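Next, two complexes with subunit A in common: one pairs it with subunit B, the other with subunit C.
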Partner chain A sequence: MDVSEKVKDYIFKIWIVLSTLAVVTVVVFILGYIFKNGSKAINMEFIFDNPKGMPIGSEGGVFPAIVGSLFLMAIACIFASILAISTAIYTVFYCKSNKIESFIHLIVQCMAGIPSIVLGLFGYTLLVLYLRLGRSLLSAGITLGIMIFPYIEVRVEKTLREVNKFVVDSSYALGVSTGYMIFKLIIPLCRTDIISAILLAGGFAMGASAPIILTGAVIFAPIPKSLSSPVMALPFHLYILTGEGISLEKAYGTALVLIIILLLINIISVVLNLKGKEYR
Partner chain B sequence: MKNLKENVFSLIVKLLTGISLLLLAFIVIFIFKESLVFFKEVSIFKFVSGRTWNPLGSPDKLSILPIILGTIYVSLIGILIALPIGVGSAVVLSSYTNQKVKRVARSVIDILAGIPSVVYGFVGLLVLVKFFEVKFSFASGESVLAGGVLLSIMMLPFIISTCDESMEKVYRDYSQYSSALGVSKSYMIRKIILPQSRKSILASIVLALGRGMGETMAVMMVIGNAPIMPKLLKKCQTIPSLIALEMGMAEVGSLHYHALFASGFVLIIILLIINTILYFIKKNIDI
Partner chain C sequence: MDIIKIKDLSVSYGDKKVLNNLSMNIEKNKITALIGPSGCGKSTLLSTLNLMIEDNGGSFEGEILFKDKDIRSYKKDDIRRMIGMVFQKPTPFPFSIYKNLTYAPIYYGIKDKNKLNNIVESTLKKAGLYEEVKNDLNMKATKLSGGQQQRLCIARALTVGPEVLLLDEPCSALDAKNTAKIEETLLKFSKDYTIIIVTHNLDQAKRIADYTFEVSQGTVL
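This part shows the complex of A and B:
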């Protein structure tokens, strides 16, 4: 190696070490910052009480927002997974043409690329105004569902494709119908992986605020009693607390609660995913 | 009986698949239909080339060139910062770590990807914006630069995971040969892995660009939201933040309302093009 190569090698090494350090620093800093400042604000009252004070949110807790976020996540997951699992099953087991398959992949890719705020816009006019669902749990949940549909589809399709080709071929050879095979063989084999994919996407839906600003999130609402009542959501609550300068301390607390819930969802999803691998 | 069940099942699957695929068309058409009212008043060319955005003025005062440029500018700054860092750490992740470290590192990156954008915006506002204001004594820390730096952090997971995947594959293919030839690892990475991962790096750039241009909350909280021509250290406005901020105020059916849909339509077209390009790049990566 001549000198210039050595210099290049040296620069290259510095570059990759520095960039790795940068990534680690950023992760540690962001999480550390939220945990350090947020832990002061969190106590039993903060988690299990309604927001209070004037302006609302400056005292009290975030309980309705926690419940609201979980409800939103549940509705989004149900809506998205029905569509996503069907699409994945169709693409893997029913679609015979390569062209159609590529087309489906292109559509899913493009859907994943639609900015969340445009989905919010769509949900606002179609669901809230035209279908008269109002700014509600249902409108916001469906909008979030559209957002996470591509994520679930991609992961479920990958899981279905990873099923041992032997299983599929033997069941065809035995004359088992496709539908029967999917219900009795494929779904049980992939169950944990599919649930893991849905949970991960659900966490993503829970953290999103852009789609729900227009479709259902409000500054204060009690725990929703029906699908047509407006909801509070943690990310939106955080945005309001910061944007309107209501209470910095409560904002730190809200951010921490949100992060902790998302981390829990993430961990459950990873554990399920590992478990799924064991059975295959 | 069994046949009937089978047919019903496959029919339901096909129906639901059809609905999912139609959703995209539905969204695009719906947004287009709502913006049509506006485009009848103001030509689309004038809309994207004019320089003023004043919802209270006459119809021709509604145009979004500075806002489009702002959207692109912030994303480009983000990519400029995120790309070297992302590719560098993808190299380390793919070639210098063992299986255990890799698994931990990947879940850390998943966590980075899973932090909600509003939390990024929150931290950005309290740390980044304040930092610019205090250390560099800017009049206002809310700027294109702040948005770009924040976006770069949000782009990192996408860049790292896209690059890492193909780099690991290339590494597995070549590491034995090159170590048998006595070539140093770093030399091999520079001469083989990086050139071979060209397409994945390109794909990660396009992906990050799409993500960045569509990002709403985080960007909105740190760029100051002023619809003026973007300059690095000045406030600016992006299309998503414009919609998020003004939609609530716009009277339903007013020209302002339809103009916001029109800007959403412009954004959706840009992103559909970006994602189609991404799709074809990805298709060309032979993994």
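This part shows the complex of A and C:
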């Protein structure tokens, strides 16, 4: 290697290290800032009490929003993963035509590209108005589910394709059907990876506010009693607290609660993902 | 008696012809070794015999008779039940040894615990693995050594009661000691099963095969 190549290589290395450092610094700064400002607001009352005061939210806690967000995430995950896992299984094991496969990939990619507020509008028109589900937990959950569907589909499909080809062939060589193989061999094999993908997407759903503004999130509601009740959600609560200038301190507290929940979900997802790698 | 008769078989992947006008017969309850330089179509020939070729995007012309009936007139599942296959690399399912061996029988409707236990025990004995693992049937199969894994795969192929066993270089990833064990196992098989084995090792063919077939030249040695 001549000198100029060495210099180029050196500069490139510095560039990479600096870029990584910059990103890490920004993330640490954001987290640190929210922890510093949010920790003042957080105590048992904040976590386990209803929002109170006038305007509402200026005192009290965020308990209904925590529960609401978890419910929304659960519904979004259930709705999206049923569709996403089925789609992934179809494209990997049943679809024999390259054209159909490319078409499915195109659709999934397009779905991932739809702005979340547009999805919100779609959910509002179809679910809230046309299907008369109302502004409810169910409408908002399904809208979030549509949003995270492509993320789950892509990751599950990748996991299914990574299954050792010889293992799949060995199963075919025993004469068992594709369906039996999927339920008894492939899904158990990929289970941790699939759950990890669903959790990660669920975290994404929990943090989103645009799709739920029009479809189910409200400024105040008690813990939802049924799927047709409106809900509170952490990101929407945060938006209201800041946007309406109700309480910046409570807003930071809400943000911190949201981030802690998301971090926990992501950590579980990463741990599961690492565990899943053993089998391949 | 010839259990498999191949007549003017040509196999191709898309435009690429891998085998051309091959004819040969496989005698029942004998060991037939397929040899030849790599890329000459030995493995392709094997995967044609249990119709795996179609799943892998290939196609074939000509005639393959299994027990004097065209192979295409059987259902795919039935063909694969009657013609088992073991691959080059050991491919245990990442479950317990017991579950590896009951995977296919349960699919074919055997629910009775005693029957399943019998299948597990008898196939492990046939594959010469029973004594080594009889106390660890719930151990994960991926924890076995490479040679043990390959014998487990042979046992797994036997669980559905095949008449023919196809082996695609089953010893290529194994050391001499494990290779000898598998060869010994295969020699014992020939009274119950017809065996077709692909090998790149001429000595191995000489040690175990009743017939050796040179695929690239289409001749019996």
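Here is the rule we use: the second predicted complex is superposed on the first by the 259 of 280 C-alpha atoms of A that agree within 3 Å, B and C clash if a C-alpha of one lies under 4 Å from a C-alpha of the other, contacts with A are read in each partner's own complex, and residues count from 1 in each chain.
The definition used in the following text is that a residue touches a chain if its C-beta (ideal position, glycine included) is under 8 Å from a C-beta of that chain, and two chains touch if they have at least 3 such contacts.
Remember, predicted model here, so these are calculated numbers, not experimental data.
S.K.: Taking the superposition on A as described, I'd like to know which of subunit B and subunit C A:Ser177 touches: first, second, both or neither.
M.R.: both
S.K.: Name the contact category of A:Tyr33: first (subunit B only), second (subunit C only), both, or neither.
M.R.: A:Tyr33 contacts subunit B only, not subunit C.
S.K.: Touch test for A:Val7: subunit B only (first), subunit C only (second), both, or neither?
M.R.: Neither subunit B nor subunit C is touched by A:Val7.
S.K.: One more residue to check, A:Ile47. First (subunit B), second (subunit C), both or neither?
M.R.: The answer is neither, since A:Ile47 touches no partner chain.
S.K.: Just subunit B (first), just subunit C (second), both, or neither: which does A:Val271 touch?
M.R.: In the superposed model, A:Val271 contacts neither subunit B nor subunit C.
S.K.: Figure out whether A:Leu227 sits in contact with subunit B (first) or subunit C (second), or with both, or with neither.
M.R.: Neither subunit B nor subunit C is touched by A:Leu227.
S.K.: Jot down the residues of subunit A that show up as touching in both complexes, subunit B in one and subunit C in the other.
M.R.: Correct list for subunit A: 177, 180.
S.K.: Residues of subunit A touching subunit C in their complex?
M.R.: Going by the criterion above, the answer is residues 164, 166-167, 169-177, 180, 184-185, 188-189, 279.
S.K.: Which subunit A residues qualify as touching subunit B in the complex?
M.R.: 1, 5, 8-9, 12-13, 15-20, 22-23, 26-27, 30-31, 33-34, 82-84, 86-87, 89-91, 94, 102, 104-107, 109-122, 124-126, 129, 146, 149, 153, 177-180, 182, 203-204, 206-210, 213-214, 235-236, 238-239, 242-243, 248, 251, 255, 258-259, 262-263, 266, 270
S.K.: Inside the complex, what are the residues of subunit B that reach subunit A?
M.R.: Contact set of subunit B toward subunit A: 2, 5-6, 9-10, 12-14, 16-17, 19-21, 23-24, 27, 30-31, 34, 84-89, 91-93, 96, 107-112, 114-123, 125-127, 153, 156, 160, 184, 186-187, 189-190, 210, 213-217, 221, 240, 243-244, 247-248, 252, 260-261, 264, 267-268, 271-272, 274-276, 278-279, 282-283.
S.K.: Which of the residues in subunit C end up touching subunit A in this complex?
M.R.: Interface residues on subunit C, with respect to subunit A: 50, 52, 55, 76-81, 84-85, 87-89, 91, 93-95, 103-104, 106-107, 142, 153, 156-157, 159-160.
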